[in-house]
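I'd like to ask you about the structure that follows.
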């Protein structure tokens, strides 16, 4: 499985979020606490938005994040108000750049932790459901990228939660038709460069872990001595596979079968359910 | 485009064939003479058979062949009676291991130079024609790998020339249906570890270049002073995208629209035409 | 050998300089016109300065620049007022990140085209001349990095032209002592993030090619229709191994045995000679 | 730190030793039990001898061993009577091919687990002690490679245990002169393609773990039902950083401050002490 992190708020040096926290994502690449696998060394990716450019920059590589010097350099020199980072633990698919997250289409960016159960049995049917005009843009061999293109097919551009629900509904229906009882495990992050959606769902049992950071104004009251909190705006949020540290009051679990929207001044949590297609 | 080489005959150190000739495949990776591109630096691969093991070993990497130290090491230390080598010049698809040739399925090995014209427009239809049981084994995003899985679908295991003809026929039919007038350009090498088939075909105009080496007994008469020729058996053959040197009498062009079978004591050339599917 | 490019002036998207020109550096990685080698596919590097951060970001990788997606992404999304780019053609030393240019020390950045003749014979003596406090920071095995650390040893921080002259003087003296008649071939770019120095020198014969762009106000008069020239300030300059195109009046050769300083409002060309150490 | 394995005996498919055991070296790359680090994902290497070729083949790469397909391919298709395998956990030096073990010089092969304490403070003095004729062959930046070249300098070719003792003596003397109290931690494997030497030593405290396999004839008596043991000759031996499984009677600790020689019919264990230089 994998670990990921999504940041939205005050423009920040990537380093402050990716490397500095005590249990940072880079630390999780070697020593994940809550993941199915403790090591996430099968590639990584970051994607960030820059002022005046619609599409995010995506930098991905196949080695472990913990020893990658280019990632260190970028984190030390790039600031962004909205960025994703992902570390991968492959469950068998090839370790290659096109299988690393985040994935991009136009201004959209997508990353995933989890799996489609028995993906090899469903892959063909799922690929056939992708909009033929998009089919040839699939470059890798992961379930995660297919899920992205299905969501694009189902209207991600107009209605992100609806498109994700229809994608999940299709995965479950095709799974059941192919004898896979519990086809879907996912935490997902999606953004168009403005808003950020994060989903947590599993066909059965608890989904992969997912947390969001508390409101910055609340944290400032709890921890008036933390200089860091003075530097970020109230609307700054992190959504993460596992907490970046043990700061009391800082992290809240995203409930199973729900999704959150992060948007300046209008964050909310809502229920999520796959929608039959 | 690409360059490739197929060897069958007396077990030989890979180095003798890959690096030693004056215009070796490694030299062609930097300075191809007959290729559409002069540089073939977007990955490479070798595949070789070993005594008592049915499947070939496949080693592929994404950098240029000319500076790859592991390739040098393997070539200096591995002997094989039947091996393929391929250097890649990408026409846009990702530079990743799963897009490097040769491709393998069971004991079969496949490599290609050429292209399906406007592959992005035909990719979905071609993928749908792959045997559903094989679909999920496609790992990369090249036309060449799809051609391999189509040939497997069409009976490569029983009738290699027929399967390749049906694959080519399908590519041409789907091309025409999608408004691609001249869909196929190919030189292909296929082997099951015993026999070797090499194809040269284009929907229009001269196909990519392809040559085979003369009979060793003939070469010995022409060049009685070449020690090298004393070391290899009469049934040794090379099939190559371009000659490895300028030895008079050594190289013969494979005619367009034809294929050759290399097999101990039974080499032959035959006409090739796509077969409607 | 190699090719490189140094930019100083109006903050610019790297893409505008690295990819857009008709004979861009990326194009030169496949088809250099003036280089000793036409292909520069043995690694690449970029280094750029960002507002409010003293050290430059350095991103380097071992494959060819022409097919590197991360380079494309960074070029499409990063703006900088001062950046270096380098494409490498190894003359035998390992193709590894630590042998790719630019090199960095503190806020200093360095890149080189050329060679120390018979470097393997001089390497030990040259390494011994490096300030012992710096010795352990040498990470790679190139002559170029050793030249950088020698210049740092000889006072790059205080007097860049003097430090480079002493470095060159040492290389020539140790060369002569070891029986190497013409030890040095170099075009060099050095910067501290503020000023940029570019050197052209060879112990014998014409040094590697080096060009600088004309004053932007002059170019505007010559080419009043080029929109691009309206977007950049008068003090913008490029120094390049070979011209990025054929724009009349745009490119001027740096004379042999000379160096240039690029600095807002104060560009100048001066003679260069190695200084005995 | 690192983990390693050395095999000498009946020619064996690498796979049988590298991947098949329950706690194989590949498994240790993700989950080492006895190592200082549990993850060894910063590169790997294998080196093997082939009939009629003096030098070993060395294949090394910078990613983790556990997901490397080329390693899998080679292991599945190469047989050797004498081979090394090494997985690396960097303590800060660059992750690059030239820093991966094993190292080779002529027919000699060397790999190391451990460290020279504060190597950056000793690196220059140690490098100066390398035979000037060998200095330029040092390609990487590790302590391990410098130790190898020091051993070569001190007569590895004539007297391996003596050369290693002098290398260790020099490291300790230069360490003490530079204020490093306990300079050396090492388990080492060295071979000339015929005999194999394995060393275990630390300046203070227990050295890194090291084990050797029991005599095959003994194991056959203990485990008459294990088919595997019927296939290997009596003189087959493994020396490993940690046992490959829990077979009772199979593994014996190499005592601290000792070394073993593995040679057909003449294995022995002897005391080891650094020798002042």
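Labels A, B, C and D are assigned to the chains in the order they are written; within every chain, residues are numbered from 1.
In the analysis below, a residue touches a chain if its C-beta (ideal position, glycine included) is under 8 Å from a C-beta of that chain, and two chains touch if they have at least 3 such contacts.
Worth saying up front: this structure is predicted, and the values here are computed from it rather than measured.
The set of chains in contact with chain B as well as chain C comprises A, D. Looking at which positions face the partner, chain C and chain D present mostly the same ones, since more than half of the interface numbers are shared.
More C-beta pairs touch across one of A-C and A-D than the other; that pair is A-C.
Distance from the chain A centre to the chain D centre is 41 Å, each centre being the mean of its Cα atoms. Among all residues of chain B, those that touch two or more other chains are 69, 94, 97. Of all the residues in chain D, the ones that touch chain A in their complex are 30, 39, 41-42, 62-64, 66-67, 69, 90, 94-95. Chain B contributes residues 93-94, 96-98, 119-121, 123-124, 127-128, 132, 135-136, 138-141 to its touches with chain A in the complex.
Of all the residues in chain D, the ones that touch chain B in their complex are 48, 50, 53, 55-61, 69-70, 73-74, 76-78, 97.
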